[in-house]
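Chain lettering (A, B, C and D) follows the sequence in which the chains are written, and residue indices restart at 1 in each chain.
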């Protein structure tokens, strides 16, 4: 039994079973081990300030990773999210500066990011350009485009408190980005797990031909996944702009790799048809805890590249070992 | 087979011209070749400094790094796996190269040390992917990070200069055959021909295609799928090392930031060259054309003194157009 | 005196504002002298940098100016340029075998900002200096700035300490992220130093996101190339010092040096371009802003005295 | 090659080529084989039969070194052999033609023939000339007409199957195993295959032959072994069997009427109307109508264009000209969703490529097309879904340990049942079935026929593409014959005979 998609090995009834299946055990183990080890070495790790800092970082990645999970499940990928993230912030900020309206700014950001997603989707499904290379190309165009749009960071001239709140505000004890990420996560989780849309995404990723022959519009489904990912980049981009209090054209470098690393660390297959959002959540947490832990422990920051590299390989290998043991 | 039949059956008659044309057009190299010629023609008209022997020779030399590493990456792709670790590997191998050369004043030992590191990295990638069955994108993304972090840790984020100053080492990346053709171009070209021959005419090459085309079938045909894939990763590691050595010679040092984003360049060229990510499809010549298209684009756009941002936009657009064109041709014919 | 017709500039990172302004300075000076300036951008890729320099030599420019992505990585290039009789001016950092280099003194820039910060801390922060350095170990220039800053501040406050020494990647988002973690680890700091404006602003945003008041905080940025620092100095109560590096002046000087090298004139090995810490409203001496365009006040900048020699250079880091 | 080989290895054309005893194999949740014995004699054809999921392919894969065995021993020429991997099996001279086509589709036919070992010439380079020449010679010898230089993936399934068979002959073999080799062959090719098999046995090679087609067994086999539920049921000379005893052994009960002729499906309104459909590739002005409750059979030789027609009329492939109407409403070409919405669906002949989602479960595979029916406001009601899937699993007797089993772990016949259920669960007005019983055992076959028959009686229009005469004549109300992309004749069931159908197909 190797299925880890959807309902397969989930044990119904138990609370644990509702949220994770066995394929996540390895990640949960790693996450717990990391947290305990870092906490023992440096108690600041579980201070409120740090937990919030970690969660805020996770929020940004998770929002985009939710879309990326859907994309990978239906067999596509989007490498332009980092470049788009920077562009979105500049546009959103610019529009708020001009109109003085947060709503219009966010709408403009979403419209732009959604259009980027649509473009990627059209290139992948209509022009049939492999999305790996197609979105590398989009990434280049956005990187160039953002500097055509603005040479320098778009400053906050409007001083809207609601805008600052987007990134730095709280509702109760929870930072607003974390709440937004939680909402995105729950909606995406439910969509993937309980709706026909989610089931269709898995089907398209597992076999596009079979899905088409069964009356699904495979290309449209992929297009939707691209647009959803784009829109989520729009959300994350606005939060980032708020956190930085500027639209930064140089932001988002390497963000796409972080997102993809988190998603595949979470067990989503690159070849499509397999993956879960819970896995993605755990992947994001593991990566960001490592990142944070290295600073908290005052280790050499160069290890922020080495340790995640090792953990990604190790976690995947442990998962293979677990599955083999399960099959016996 | 009974001997009696052997003599009676020569090679089947050649296909009629129309069918041959069709077969030719199905080869993904043709649209690529057209794209390359269009790029070259365009810049020749648009810039009067583009179509000079010196410039063309330069571009061939500049494309040599991506082409050399691209051979290995393409072979790994054809075997049905991916290797994105080359970006960090080209930087990492320069360290043993320079360190050993500085210590021993021997180019030979330096190269041997670099190749040893490339071999080890290739073997680790191959072992984890082929034998432990870990997804190769994960493995090589992991080694990409680990190697880069390792380079930074080892060098303390500075470059290590070449103190031995061997003329032979300088010549590898900077010398020119007859004062014209850069040695890197020559090295890349020879490697390209050699590996194209291997992929087409040696059993190993065909095993790589078979393993990537359908691993299950390959296994049933008695191949050791794992061993073939393992070998592909080693080849990729060694070729990235050769690229790293040429780069180190051009830079005269082991530069910690060398090769940042190189993996993107190579993967883009390989995929542009028609090598399928799902394995079993593509040719090294296609890959080479992909590299040349991107190199001539970069050079030509530079000649036109186009701002970076426009260069990025135009290059991105052309990549999409070229792949879409290829895809369109493939579906039509 | 002859003027070259065409100067080729291989810049390491043209999309960065600092280099945008360097290029602007070059173009302005080029226009005055009737020289065409052509720019190719290595975009932080060492290999591409070598390629572009090759392309320029093939194209036949009269002088080459290079800002190395990494100073070791252009040594062979200099050798080849010499073999080709191509006059060459470096911008940024010194390289073995070069003729001349135009550069600011990174260490000095940090140092003087450090001295200013020390004075400010004595006056407004009760004489303590606990620094969070949002640095970038990747580049020797930025390492020098951080070192200079700490050495400078110590001349005023002897027991100044560096509480956090961070790698903020020079990016705003990364700087924000690592600063957040560092502040969670230990928030007992009162000075944020950033090796560029992205870094200082990232650090400041992390401070604000942690819900802390800017009373008793000093933020020091470096560069002064865009509008970001002006905006910050006007709106953020803690953003008081900016180490200006006058990129336009660097470009201007580089073209002058190129003309001299072209004519085979004697030039010093290091032509220093001035820098100066700007406190409060000082920036108005050098720049005027209208809407989103910033223009240079050449009189102000030309009035800044450059030292003949740097206190410390990248070569000193290696010892 | 074979002749010398066999002579050199001892000449005698009799005796055991391989002996397997007490073979056991279990998969998670399934006992695929238990205490199975099989002895193959040299120069004889041994048939292996059994229901879908009986364990035939598993037994073969153990012989081929694909699966390890949990119990039992294997002897070849008196030596016990391990057969740990395909290479060892090949070295023992065991050549297998697998049920699922095992060719590299990107390679030429000739290269596939020599896939196991490329002949090399000087300096270790592959001798391409020899590869081409020898495959051409081989094809000539067995009378198989295909261009060795063609790309394998471009060939129709049946020709690929022939290539696969030819491949087993290209090398020195002592035992040739064929797992349902004829499931996609035309009658001509089957005849060809039998000639080849006789040649092999003449050379003293042992042949193991797996099929669901009883007639073939009686024609070619010397001995028959029957498996049921992973157990050995019987091994007898073919002379001791009749159709009935074989079926009895296989499924443990009798089947009286394989192709039910519940007469005269009541015809209703026009359910599907195809007018002047042409495609770029092959179809040329195809028109026909099917009424509700009618079964229209399509016959044609290989490459006649039936599969292409099937894919075009459900909206899978684009068309160049023509209209398609389902129950009077136009179908948007090249859009399967409107097709499915109008109530037309296709059971594909290419299970792996177009039917199955290999990495997903039985449940997910089966409910895919009908998912909308189990959902409210976009949310899937998994309880209802599960109940429906379970219903079909029971009705079709799909052998699977659970609904969560990955479909790739099911036997071929069981996979086919799942795919058929996928459409029946949704409920259609018109179902197009392309080779619906390919790889299906007699029991299931008659079930599927009874089912199609009943569905037609309930008003479903059935378009059936089949290469099997008994099927065609047994179920169709009308028979359309295709050749070269056009319909060359349409017969009423009573007017149709094997002769006039074949004549129209050759036209």
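What we mean here is this: contacts are C-beta pairs under 8 Å (C-beta built on N, C-alpha and C of every residue); 3 or more make two chains touch, one makes a residue touch a chain.
Quick caveat, the model's predicted, so the values are computed rather than measured.
Trainee: Which chains does chain A share as contact partners with chain C?
Mentor: Under the touch definition, chain A and chain C have B as mutual neighbours.
Trainee: Does A-D or A-B have more contacting C-beta pairs?
Mentor: More contacting C-beta pairs are found at A-B.
Trainee: By CA centroid distance, what chain is farthest from chain C?
Mentor: Taking each chain's C-alpha mean as its centre, the farthest from chain C is D.
Trainee: For chain A and chain D, let me know how many angstrom lie between their CA-based centres, rounded off.
Mentor: 44
Trainee: Can you give the whole-Å distance between the Cα centres of chain A and chain B?
Mentor: Here chain A and chain B have centroids separated by 31 Å.
Trainee: Averaged over CA atoms, how far is the centre of chain B from the centre of chain D? Could you give it in whole Å?
Mentor: Spacing between the chain centres: roughly 42 Å.
Trainee: Which integer distance in Å separates the CA centroid of chain C from that of chain D?
Mentor: So the centre of chain C lies 72 Å away from the centre of chain D.
Trainee: Please list all residues of chain A that touch 2 or more other chains.
Mentor: Only 147, 269, 302 qualify.
Trainee: Check each residue of chain D and list the ones that touch at least two other chains.
Mentor: Where chain D is concerned, no single residue meets two or more other chains.
Trainee: Multi-chain contacts in chain B: which residues touch at least two other chains?
Mentor: 152, 157, 308-309, 311
Trainee: Write out all the pairs of touching chains, ordered by chain label.
Mentor: Contacting pairs: A-B, A-C, A-D, B-C, B-D.
Trainee: Spell out the residues on chain B that touch chain D in their complex, using ranges where they run on.
Mentor: 1-2, 5-6, 8-12, 15, 201-203, 206, 209-210, 213-214, 216-224, 280-281
Trainee: Which part of chain D faces chain A closely enough to touch in the complex?
Mentor: Going through chain D, the ones touching chain A are 28-29, 314, 316, 335-337, 339-341, 345-346, 348, 353-361, 363-364, 368-369, 371-372, 375, 378-380, 382, 404-406, 422.
Trainee: Give every residue of chain B touching chain A within the complex, in rising order.
Mentor: Spelled out, the residues of chain B in touch with chain A are 128, 132-135, 137-139, 141-146, 148-150, 152-153, 157, 264, 267-268, 271-272, 277-278, 308-313, 315-317, 319-320, 323-324, 327-328, 331.
Trainee: Note which residues of chain A are touching chain D in the complex, please.
Mentor: Listed in rising order, the residues of chain A that touch chain D are 1-3, 5-9, 194-197, 199-200, 202-203, 206-207, 209-217, 269, 273-274, 327.
Trainee: Under the definition above, what is the set of chain A residues touching chain B in their complex?
Mentor: Contact set of chain A toward chain B: 123, 127-130, 132-134, 136-141, 143-148, 257, 261, 264-265, 269-271, 300, 302-310, 312-313, 316-317, 320.
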